[in-house]
Every structure is written in C-alpha cells, then in structure tokens.
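By letter and in written order, the chains are A, B, C, D, E and F; residue numbering begins at 1 in each of them.
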C-alpha cells in the first residue's frame, strides 16, 4: 500500500503503530453520479479539525487521553472499483489483525463495501449500522451493481439482510422503500439497535448526508429535510458502549482541492465523536 | 408567447400537451429591491431537481406516475411589469381553459399577482394561500404600487381580503401587522385553512423565504428565524386533498446565471411536493 | 479618537449626539487563531441591515421610534491589544458618562474585555452575561493571557467570578468545564439570570458563534451543534426589562473586505433586537 | 435629494463642499438584462479602495494633495428610469454650477445618459468619450429605448454623433458595427481624441467591462478578449491634461450586498486614476 | 441514444435536423484525476452563451445567418469508458453520414478519442489539431490506457503520429516532451498547419485549459502561464477556411451542478467562434 | 521547534534530512492590515501542487531528479512578532549550517525579515532580491516598525541599502518612491542583478502580489496592473545560475482554512521554479 502524507486529525499521532483507533483516508469518488468531490473530503476534514477542542463534554472523553493514529490517505485510482476495493481491504486487514479499530474517512459511500468486507473477514458475526439520508438499496444503478446507490444492497449480499440496520433514511425509490420495509432494516431508536445487535461486533457506516443540507451543504447528493446536528449527536451518544470494530464517515464533498468550506468543521466533529465511541466500545 | 427551451424538471415531459400539471418558468425579478437574481431561479431549480428521487415517501406518490409537463421559460422583459403581467396571463389562460394546473417557477413574488389574476378568470371563487416570511401588504413601496412588497395587498384588491390566508409570516412594518391582524388573514394550522376554504378552489403562492436563510440562503430578502424544511413539508402535506388549481414557488435567487448553489435542491424538493399536491387535489 | 465613516445601521442617525443607544464598530481580530476576518464584520452587518424592517413584531418596538446613533468604526491597529483596549475605553467613557448605552460591533471577542472595563468604571456593580459557544476561560492561550480564548477569564479577574453568567456554551477544554462548573457560571434560563442579577446593571456580551454554523457559517471558530435562530431570539426576548448598560455583538467574520454573505442578515437581526432590548431596559 | 451615508473612497473628505472633484454613487441596475448587481458597486468600490495608496506613481499625483469630496450614495428607486434620471440631474446640477467635477460611481451604464445630460446643460459644447466593450448603439432593446444597451445611441441623440468617441469596443450586432463605422465614432489612439476634441470640455464614460473578464469578472455582461489593466491605464494616462468636466465609472457588479470580490480593487484603482485625471484637467 | 433536454446555445435551433453544424453535449468526467466537474460544462456553456452577441466582428459572420442545431446532452454513465465511447460514436455517425459537422461540448478530454474515431470512419484521411496546455501523450496513467492524460497517444494509435498536430502545449513529463519533439507534433503557426494539412479534413480538439487559469479558472487541471484570450482567438481566426469536419471544446469544469462562474462566457465565446469556423470551412 | 505534519509539496521527501533544498511553511499573517489569510497559504500551495508535473520544460529540470525535503509547517503564535522571528531563525540555522537551501512558504511578508537574518548569519555578504508589487520601505506603519509594509526597510537596516535589489514594484507612497530612487534599489533586468551581485550569495524574497490580481486574486493586498505569469517566469529563468542560498514565496492568502482556490496552482508553480533555481545555483 502507498500512503500519501497529510495533515493529521487534531492531536492524532502520525505514527499509526501507536494507535488503538486508526484513521485512514480513502479519497475515492468514482461513482458519484450527481456532484463529485468527496475525494477532497479526508484532507478538508483534517484541516478543519483544528477548530475543535479534543474534549467532548457529552462523552466526557478527550482525544488526548486515548491512543489515536492517522495513516494519511491511501493512494487509489480515479476509476476502477475492483482495484480500490482491493487496496482498502489489504490496508485494513493488518490493522484489524492487531485488534485496532479502523475509522475510514471518505470519499464516497461505495468504499464502505470494501471496509465492511475487511471487518467481516475478522469478525464473522459482524452487523452493520447504516446512517444515511438514502436507502442505497438499488440492485443496479446505470447498469452497474457497484455504486454509491447500491452499496447497502451489496452489503446485504455479504451479511444477509437481517444484520443490516438503517437509521435516518428519508429518500429512495418506491422499490427501495418496499424492500426496506419488507426486510425490516429500518430502526427507530438506539435501544432497538442494542437489542437486535445482542453483543455482536458492529460496523458503523455514516453517510454525512443524513444531516440536513443546511448543516452540511458540501455533499454529493444533498437531500433537504435532514437531521439537525444535535439529533445526530444524541443518536451517536446513545450508542455508547456498543462494540464498534470499524467505522466510516463518508460523502463530505468539498468543491475542489483545498476548497472545503465551514461544513468541514461539521464533518470533523462527527469524526471526533465516532472515534471516541470506538474507544468507548473497546473497554 | 415565446418560450425559451430549458432543461426539464426531473422526469417531466417536454411536451406540455401531455401534462395535467404543467410547469412554466417566469425569470423576472424587476422589482427586487435588496438582492436581485430570482431571474436565475427557474433554471437552477430544474438543474438541481436531478438530485432528487421522483418518489415522495410521505405522500406515497411518484412523479413518474403522473402526467407532468414542462413548458420551459416564458420570455419576459427585464423591466416593465405591465408587459410581464400580460404575458403571464396570456400564457396561463389556455392551460387553465383545458383544466390543467399551472405551477409557476419564479422569479420574484410580484408574478403571483398576474398568476392569481389568470386563475381568478377561470375560477371566480378562488382563494389564495400565501406562505411567506413577509406580509407583503404595503400599499406602496418606493411610490410604486406593483412590487414584491405590495403583492398581497394587490391580490386582496382582486379577491377581497377574506379570501387571502397567510401562513409563516414573521416580518413586516407595524402598519402591515396591524392590517393583517384586523383583517384576520393570518392562519395557524392547515385545518383552519380547510375550514375557511370550504371546498373552493385554492391558489398556493409559496415564497421560499418562509424557510430559514440557513435552509435557503439564496433568496432576495433573507429573514432570519424562519421555518425548518420539515416544518414546511409537514404543513404542505397537511394540505393534501385541497383543490389546488394553480401554484407558484418564488424567490429562489441564485447569485448569477448558472450559479445556483445547493439550496437549489431545497427549492426543487418543494416544487416536487407542490406538484404532487396539485395532482392529489385533482382526483 | 479617530472614526472611519461607514454606512449606518438601518435607520440609525449618523449624528451620535442624538442617540440614547449608540453603535460603534471595532474592526479588530488580532488574536483570532483559526479564521480571521471579524475585522470586516461591522461593515457587513450595516450593509445587510437594509434587508430588515425596523419593526420587531415580538418586542412590538420599532427602531424608528427610538433615538439610535451610529458612530462608524473606531480606527484601531491590526495588532497590539494594549493600544486597542485603550482606544475602546477612551471612546466609550464619554458615552457612558452621558448615560448613553454603547453597543459595540465586533470584531473578535477580546474587545469585550475593554468594553466591560469601560462600563465597570461607570457602573461598579456591573454583571456580565456571556452568550457563546465557547467557555473562553483559559488562563493562557499560546502563552498569551489576552486572547479571544481567555477573555472571560480576564473579565472574571475584573469583576469576580460570581458576577459572570454564561449561557449557550457547548465547547471547552476539560479544565474550562471543571472551572465553569465549580464556579457556577453556567445558567440555564433567563429567569435564573434575573434572579442572580437582582437589579444590578448588566453588560451583554454576545458571541454570534453561539448560533449553529448553519445559521452563521461566517465566524472565526464554527462549533457545530449550536442554537437555532429562534432559540437565541426567545432567550433574548426573555431578558426584556433588564437594565442593560452596554453590549457587544462579536465574531461575525466575513471572508474578506466587502465579502460578507447572507449571514450578515443574521448578525444584523441580532443587533436590532439587542438595540431594542437596551432601549427597553432604559425606561 | 436624499443621500445614504457610506464609507468614503480612500482619503476623500466626507464634506463634499470641500471638494473640487466630488464622488457620488448611483446604485441603480434596473435595466441590466443578463446579470444584475451593479447596484452594489459603489459601496464595494469604496471598501476596496482602502487597499490602495493615495499616490499614483505614473501621474506623480496624490489624492491627499487634492480636494476630493464624497457625497455617499444617491437614493434611487429599483425601477423607473425617468425618476432615476431626474434625481441624477438634479443632484449634479448644483455641483456643476459651482465648477466642481462630479465623478459618478455606477450602477449600470444607463446612468451615463442622465449624467451627460446634466453636464451638457452646463457645457453646451460637451463631447463624450465612451470606453466600453460594447457599442451600446442599439435603438431599442426589448422594445425599450432607455437601457444599458442603447445608452450611447441616446447620448448621440443629445449631442449629435460627431461628438461621441468610442474606444475599446469589441462587441455589438452587425447593425451597431455598421453604424459605428459609418458615423466614425471609433477612435484608435488618445492623440486622435485630443485632435477631434480640440479643447472642448469632455465627459468620460468608462464601462469597466472594457477590461478582460479575468481582470474584472464581477460585471453585468462579461465579454472575453478585453483589455489588460495596464492597457487601460496607459490609455487613461495619455488623456492627461484634457479638460474632463464630468466622468462615470460603471458596471462593476458584485454578487450581492456586501459581497464584492477582489475585482473591487480593480474598479477602485480605475476610479483613483480618473479622479486624478479630472484634477489634472482642471489646472 | 437518449438525449437530455437542455437550454440551447444562443440562437441555436432546437431541431437538430435543421442544422449544418450540430452541437451535442457529453457530460462525462470519469477519468479527471485532479478536479472533476467538466460534467457540468455543457450546461453552463449554454447558459452563459446568452451574454454574447451572435455576431463575430472579426469573422464578420453571424450565428443567426447559419443553420445551427443543438441536440442537448447525451445520456452517459458516470464511469465506464467503453460504454461512453460507444454512445458518442453511435450518436455522431448519422450526423456525419448526412454531411453535418458535429461540435462536441465536453466533458473531459478523453471524449475526443471517440469523437475522432467517429470522424475517422467517415473521413479516412482525417488529421487532428490538438490545442491544449498538456501534451496528453502518456501511454498509461495510473495503469489505465484510456484517460484524459493519454488521449492524444491513443489518437496517434488510430491515425498515426504524423497526422496529429499540437499547439499551445506547455506541460508534460520529460518523456512526453521527448516523444512530441521526436515525432514532430508541435507546430508553431497556423500556416504550418495549413501546409501540413494539405487540404485533408481536419478535426479540431480544443482543451480550454490552453488558456491561462486567470482567463478560465474553472478547469480540471489549471496550468499557469497559458494563453490570453486574444492569442487563442487570433490563432483560431487564422484557421479560417480549413475544412473542419468535426470539433470539440472540452475541460470547462464548473464547481457544481448549476454553479459555473463567469468563465462560462469564455467557454461560450470560444464555442461561438469554433462553430463559425466550421461553417466557414464548409463552403 | 515544533513542526505540524502537512501534505508534502508534489514529490518532496517527507524526511528533510534527505533534502538539499528544504521547504518549510510559516503560517503567520499577524500584521496583514487589509486582508488576512496568508496563514492558510503553505497548506493550500501543497495541495494544489499535485496538479503540476514535476518537470519544468523551460529549465529542463525535474523535481524528481533532485533531493527535495519538506519539513511541514512551523508552529507559530497568531500574534507577537519577536517570538515568530526567533522560531524562524532557530529552525533555519541548522539547515543553513549543513549547507542546505531553505525555501520558506508564507505567510505574510514580514517573515522574510527573520529568514534574511538567518541567512545573513551564515552568509555575511548576502544580498537580497525583492520581487513585489509594493516597495515595503515605510519606516513605520500604524506606529509599528515590524510589519509587512516596512519589511524591506528593516532588511536594509540589516544589510545596508546597497545590497537590496527590487523588481516588479508598482505601488508605494510618494516618500517610498523617493527613497527607492535615491538609494537606487530598483533594477530593471536580470542582467543588472547579475552585475550588481558579482557572485555574492543571494536571498530571493518573492511576494506573489507582484503578479496581477487576475493571476493571483487570493492575496493580502491585491494591486491591479501587475505581471502576467509568463513575465514572472521569464524573469526567474533569467536568474538561472545565481547562487541562491535561501528564498521565500509569500502572501498567497486563501479565504479560509482549506479554502484556497485555483490560484493555489499559480503559487505552487512559482514555488516549483524557485526550488529548481535554488538547485541550479548549487552546482
């Protein structure tokens, strides 16, 4: 694997071998059909992280008190999902083997498919919590089975539909809604997740477009009518203690290289809380 | 009438004779006193509509299952309200005569005056529901009786004040508030509209600045403290079944030609729901 | 003191001797550590004020019915806090001596320290209400005791910690939270302020970043998860009648000279309500 | 006349009675057919003027050594040219009567018509030098005879076509080019102007879109292939000594209120040089 | 083929069967490795074309006097070059068979490969004139042989290297420069092209990044030190009379859907002149 | 010294001990009086460097063939020049002692003073070549002797005025121009520098605002009428072979953290050529 040096997230250690939780950027947006740019996301998240404190008052935890590594960005081609998927899995496998928790910074949502695959290899009874505005349950999109719009359908192919939970969704085709309801993926409350998880290891896939576009305008497919920041935060905090073994935060999509606006701070604060949740679930 | 070819709204048919609901853009902003630009609105709404699904989960309706036409943009002069008003009325009259429901994409709010006039010719007992941040009840503005700030006063001149209902208002002069309260235009709930309407045909005039400027920053007169997107959506959904015979969505105001930002998706989603409401009221 | 001519806020009188409430801009952002630009704030607030009505429907008061002056902007150096502080105090002293209420337009938060100092000279039993996303209670920041991040600690040095009340805070280091809680500065409701104030004169220091970054993206240290506009407004309106003797509205930070976006309207509306509150407390 | 207080241009005196050259803003853009916004121009020019020195090395003159006044902005309606024209002429007449040289900050190009009219009243043998990308010689535009696209045709109606000189033009209809060539308005060099002027008083009307859009992107009708800044400056400097009795600088068009970008510095530097040329022609 | 309705370029006829020169948009940017967004190019070019006159004073030709069609945008997948190439070729073949001249609006540069292929089928002795900042002669880029960075190498594979002429290039790897010089593709003057062409049919592939980034900042790989607009125009005008049988204008890359800035006018003016050149070569 | 990890410039080695030429960012803009933001410059330069090839065709040199290190960004306080100066000198001294050539990425122009000081310690007969739009020869600015506007006056205090050469200047006060002319700092051609240098070691201080604001709009004090990119490049290339022992490239000023636009590519290309010139002068 080749890694590109980047700024580090807040106070993260640039020596990843020191981390219990390890950040890695995947600047890939090759299937974004409306507005590309999430390739610039990992970089902008790190730059804007500097506006934040390392301390989370609600979780009463501090990034400076945990072991957090930051590997920089994985080098990936602009197009060609198979190669991208391979590199994601090969770079995550050794981290997982050592018991570290990888947190992937997207990039677009399709990368979750490879990341879930890597975690499934290590944790065969893995479940996935999918937080998103969109159902992402199409079987094909533009004749392609591997896109940001089909990613959860492919995840279901890997795990079975009963191990996928969806929260925050508000958009889909009539067929996707029908499927989600028949399969029963949509959950309403954190306690419902806790019940259905029953102690199994959890992968958290968080598409930032679950937030309202006013909160995060810089995203690939803005869907009005989304969550306020505090609604998302309250939901995440209610997950505290769940055994999260891997996570991604995807679809933050600046307008250009080095052109991310203030919603970078939004993405970064979500990442901070996700990191702390991963840590909280370790112990 | 001359029409300018444009992109179409989502999956609309470009042959308007096929439509039961028919979109038409009116790129006029000649009386915008603070920030012009709503002339660029119709175009940007159509471009951003592509980010949306055609299916509305709350209404359980799909644009692909109805007959929707899109006429493109009406050619109008930059200044000179009388001529603009004439063209709006003359282009709407044949649609109304055939029983079609026109949905006008603004442009600024003054265009509602002509659109209401056209509908009134066809439906003499028409009522108007005015959703807006501003009362728009001045009698004159800068010595002019026909401006975006006097439009509802002029509509009252046409219909009488008891057939105008206002919702969402939060700004006006002391005199406008006094008048609105004495006349009793301001209503609080959808059921109150339903009661007062009593089955008469309804024109819906929706000034997008009723939304908070965080939701829709691109507007001619941003007024902080507005509605969240879901508040507006819930209100609209509660109107389901009312006999809407014409509608407009106005005051989305991009910064320049081809320069509309993500709030275009906000405007487009409102338009999608308004179209579906019109359809729902037909049957 | 040298003043720079500026546009005036809404309908303010440009002859300050006519004002009971007097606006003054302080375009200083010399200690902004993340994103500078609040030096451009006073100017942009005045330009965007034109989008507003002078009438506040909730307070039922109108700027046109009070005596409001606008001095323009104080000339201050780019760096060198001591000189800036001196100029602020010397320009406020004569206003306070005449019983006028100064409302300072920032600029960054450190200017509140000098403004509080000037008010304290005139009102020795002054209390301070601090509305902010950040606790600002560090003792030092980058080895400096006078920065936007230490300003409330320095205010405590002046008044004692029991005369400082904090509302809206959501970010700080572990140490700052510990201190705030042990000293008891954080208050929850307007009525609690009223009780603790007990009729003493109040200085209101309002850092606009208390609002969510979606509402006010143009600020020096955006902290996601903040207040909605109506939450802030409701809080302010509940202060009605308190004897506010001075106030500041700070940390609105446009991207450049003459480059403030629509959140200028947000800042301006907050300023309008603060002015009216000052007036309401006079009588 | 009502004037709106504004910031002042660089070191201008805010007491206009002290000025030999007097600035006045006219924030009108009512006939801008493509991209409005020049109403925000005067304000942004003044703000960006602060980046400049008052000294012009090529002219070896300093604004601080002349008597320069700045009246602020004329209050004008959003639409209705007749009223706007009246206010421009009535506000310029007394200045001209006292022998002052007015320099008008646009606003759109149509305002030149009223300004030329005012100067013609005072200087019956006035000639006009028109610097622009566009010929502006249409007889009508959208059935209107008074628009930014017909302004020089109307000026010709006032003065006769032999007293209008055009420089820098690169765009027009086939008919406009034919007319310009048959009448012989287009001149190539400053010395040609000097010859044809023959000592008569000159009005300089400078549409900033004569500059390439890379130099001044913020304009109402950007026309690629324009002048570099130094080409315009060299041309202006070659006019030194001509008896300029009035001037305007128009069509700088920021994206919104308080949203002018760096091309404000371009407009401001042109204004500085025009002011100095006016002064140089006085003596 | 499926076409998406769009606005039309300036005064183009929306019935393509009426055109001798026919525009078609190809909104594909699937291999853009730095900054994507040229998928939004065709749409923004059309919108900004409205700022232009239809008359070109240098060519003394008018778009209104020729037969120009505009097909709208070809529907293409986000990724998957083979399918995109197929659709381009299949949509161009019938146009070419009827003797029409297609002008393709990109999109990224790789689309030229398919367009050249289509023209080659019809004109076996076709030559290609490549105007660009970059040599685009890599054999592979990121292990891929079909990307915007290899496109001219692939064109050479089709035609042979002696039928490719390059002008305006200023960037490449050491290897690309070596190759270009050994093969002799780089030409200096229009007359050299005329000589080497010797009457054969010409395809013009124009990557807008040949212009300086100040002239066209919205592009996928801005390379400082490029051409001024008038340099490019002079070059194009010197091609007048050459038998251009097909052309593309590519790599104009707005920041988002409906978010193209003023450099849209630059792209549109280049397109206008290219259309007129095509027409001039027909007769 | 504390260094902040950053992305690396193009293909630079992140192990600085491997470099003959060594980049170091100094994100300080504490005295920028008009538009701050150059603190965000080093980061944005590195991000945009990725759009460039490592090969310079004019110099026929390739960054991949030299030993280039990149230290990341020096941690500096927001205000307090003395401490900033100390850190710059202490971090440069060991590099210079090993014979390495430091290239400093600004940040504002005042940092050149400390960098020149560090080089002077190592090379007592150092000369300085100052490329800038502004003379920067004030003795004081706002009562401060250490600002971006006085930096070359202070450099003269260090070296004597006969060892400072200025090129590209076009703005200053009457007094600064008088001084520059009496001292004879302004030079016209590269050969003049070569003559006056006479083999002594050279420090190159390059304020990017020497370029026209159309080329580099993102700068602290845009001064219209500047150099085209190729003019600057030609000048730099003519310096080839001069013994440059240290250099800085300053005053690239993005609008915010992670918000640099395309002029980042301009700054990066200048940096690439400066690095190669440093290398060329070594041998």
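Here, contacts are C-beta pairs under 8 Å (C-beta built on N, C-alpha and C of every residue); 3 or more make two chains touch, one makes a residue touch a chain.
These numbers come from a predicted model, not from an experiment.
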Legend entry - chain F reached from chain B - shortest hop count over touching chains: 2
Inset, instruction - Mind listing the chains that sit against chain A and also against chain D? - result: B, C, E, F
Legend entry - Contact-pair overlap exceeding half with A-F, pair selected from C-D, B-C or A-C: C-D
Legend entry - Mean-CA-position distance for chain F and chain E (Å): 39
Inset, instruction - Hunt down the residues of chain B that sit against at least two other chains at once, touch-wise. - result: 34-35, 50-51, 212, 214, 228, 256-257, 259, 261-262
Legend entry - Listing of all chain pairs that touch each other, if any do: A-B, A-C, A-E, A-F, B-C, B-D, B-E, C-D, C-F, D-E, D-F, E-F
Legend entry - Parts of chain B lying in touch with chain E, wherever the complex brings them together: 4-8, 14, 43-44, 47-48, 50-51, 254, 256-262, 264
Legend entry - In the complex with chain C, residue positions of chain F that touch it: 29-37, 39, 77-80, 83, 142-144, 147, 255-257, 259
Inset, instruction - Provide the residue numbers of chain F that touch chain D in the complex, in ascending order. - result: 34-35, 170-174, 177, 212-214, 217-218, 221-226, 228
Inset, instruction - Spell out the residues on chain C that touch chain B in their complex, using ranges where they run on. - result: 50-55, 57, 62, 212, 214-215, 228-230, 233, 261-263, 265-266, 269
